[in-house]
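Structure, as structure tokens:
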């Protein structure tokens, strides 16, 4: 049994512009001590997914269905009392912006102590000791004195370390990190990723990392799930996803990213169009308006998430209506830097141009 | 963000204390300067603006020429204005001499000094009442937005704000005053003057406190409600919930402290102004306070007293501003640099 | 080397008591793309503003086509301003939310009365919109009706309206989704070639800079610590800070599969 099992999670809100289905049927597992990365752009629903696991979505009228099972216990619909035990106790969470996520009027030490005493029956002094230990663990020098600092007195990287300390102070079994390094400089990011790796090892923690940055996720996670328009469109082991991806959106993402390890100034292959609005999702396959290989029927049928190769292991799953051989042929052409038209020709799919809105 | 290395925390902490001390010293000095300026401006207002002869103005109604001449000589009103200004400011700060009221036949300082405690008792008590009420109402409303309780409370607040103080005062006397009221529960008008000892005086103030507090409570409740709603949508509140804290703790220990700061500003202003401005309440309930003193001085044309009470009011506002600033530095560490 | 289009010597500026730019020497040749990279606070955006004379330096010299710019009065800077343009990072803050997109793009044209008649200007606005990949029929729409990527296109259209010689792009894609980033980067590249632009690209993303730029300058704490052509800088970086930056970039590989 996996540590975290999410089945058919769906989250909808009512906004003034209409009903939004931010998450539209998402299923995934995180194993004990494993690491899953969820990658997506704006509107993909990745952050809402992460927040919903702990019941932290802001909207009061959110319509949440599905199942979230943590260590065998169902979290969705559980009473607040139970959820509070899990939050900060068995599941820790780190948010994106540490300046706004830390309370501006309380010292770092006070916030850490509070996080600890919410789940352990210890004295204030003992909690303070533990807080200092944690600051040390996350690499903050002069830990004892830092306890009395206020968030605004620290740099961005240090603040995020404090957030991480706060999230792991009770040795959670799972750490959820929602874009933890997005607001930070690249050297600070690298240091924090190293920290997360080290903590995983030392604490045996599982990790659910949500990010728009495929490289960050690749660095830290064993498995990657790509989200688009509220659904997972491809999921598999990191190496497989980076070397043998089978979804046109994943190809598009890989083609859009300038890489330091590829020849310079090779033209980027962006995905045409823009991410879909959460209110007005395209019919059938949500990606079809932007997919260079879409066909007529892709407008009508939505692809299920199924194993990429039914004969191989089930680890690699794709939601795409193109056949396997077509996909592999296309990727073979694209990976060498070809553009979609060229790839279609080489794959023998030259007449597949319709369906693009 | 920011590549600058942090100074060692030990050094910074004693630095923080020094910065705080410096901050307080600077504000105190500035307030002192402000008070001197206020007294100078008050003097100029009352000496330069009125077209009438200042001696005549001070003599009250229908003075005889001998009285006017005597006043002129006594107050040195024929000296150049800057000499008079100097004298006045010096008198205020070194001797607490606020001038002399020929109409009341007493030094203004004495008139004010006798009444200040009454006004302070009134507004301090009212402030406690309205703050408590606002805290409760604001918090209840903010944590149940859109509910019936919320809508009812906010509607009630609107009514309370709209009701004039004197009307409230008279109605409350009509309902609850022990001598006239329908439901005699509390001492009525004039009771404060005759009351003896702290407990009796406090009893006599209960009705005035409630009346004075009503519209303020409503305003502060609305302010708190919106401030709290905003604080509850902040990221750090989400973090608090993510730590597994009880909702009560989240609201009271995380959201409320952040929502309170605008209230502190308004409180400072309101208290400062009420020192000289609780006229209606003082009059309806027969409390001998500064508001009433000022009002009567205006009615009788007692220029010296008017000037004195103006100065006291301005000084109260300036001092309250100082207190508010210092309170800010205590509440919000980001302000302290 | 022929006279560089724009050059700066010993450029420095002090803001809020701090030397944000501390003795910067650089030059930009006509037709090339120069990238300026560094972490937050290194002074790269401030340098760009100094170069475009949007800010007054406290020291140093800036020459445009051989002519000294520091010390010139506003009127004397006008011809320089006509030939330069800037695109900013935040697609939501850099466009006036109360004007139509057509008015925003056409503003530089109206200000300089170039072309002199309104109809011609309107045509030019439509031409510009097409050049940046926007539908010219949307010229009456307001900025909030467009996505982030489209707003960057609007900003670009405005910037190239008067056919500038030099375009400075300050983090033009950092606020955009990855797939849109690529679109805008390609667009920048296309415009550069079609219009013969000289481009200064400021970014914190090294891969983006390497992709688009001929030469790169690395800034740290207000100074340029290394400057070289892109190939050299990225294959054999010399300065420790450059190396630190390069090492820190997460590679698109499974962790552990990295070579270095």
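Letters A, B and C name the chains as they come in the text, with residue numbers starting at 1 for each one.
In the analysis below, a residue touches a chain if its C-beta (ideal position, glycine included) is under 8 Å from a C-beta of that chain, and two chains touch if they have at least 3 such contacts.
These figures come from a predicted structure and were not determined experimentally.
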Contacts common to chain B and chain C (chain labels): A
Relative to chain C, chain with the most remote C-alpha centre: B
Pair of chains joined by more contacts [C-beta pairs], A-C or A-B: A-C
Chain B and chain C, separation of their C-alpha mean positions in angstrom: 55
Chain A and chain B, separation of their C-alpha mean positions in angstrom: 54
Computed distance of Cα centres, chain C from chain A, in Å: 32
Chain A residues counted as touching two or more neighbouring chains: 185
Chain B, residues touching no fewer than two other chains: 1-2, 4
Overlap residues in chain C, where contacts from two or more other chains coincide: 39-40
Contact footprint of chain B on chain A as seen in their complex: 54, 56, 58, 80, 84-89, 92-93, 95, 97, 100-105, 114-115, 118-119, 142, 145-146, 148-150, 152-156, 158, 163, 166-167, 183-185
In the complex, chain C residues that touch chain A: 39-40, 147, 149-150, 177-183, 185-186, 189, 204-208, 210-212, 230-231, 234, 244-255, 257
Parts of chain B lying in touch with chain A, wherever the complex brings them together: 1-2, 4, 6, 8-10, 12-13, 233-236, 238-247, 254, 257-258, 331-334
Of all residues in chain A, those that touch chain C in their complex: 41-42, 185-190, 193, 197, 212-216, 218-220, 238-239, 242, 252-261, 264-265, 267-272, 274-275
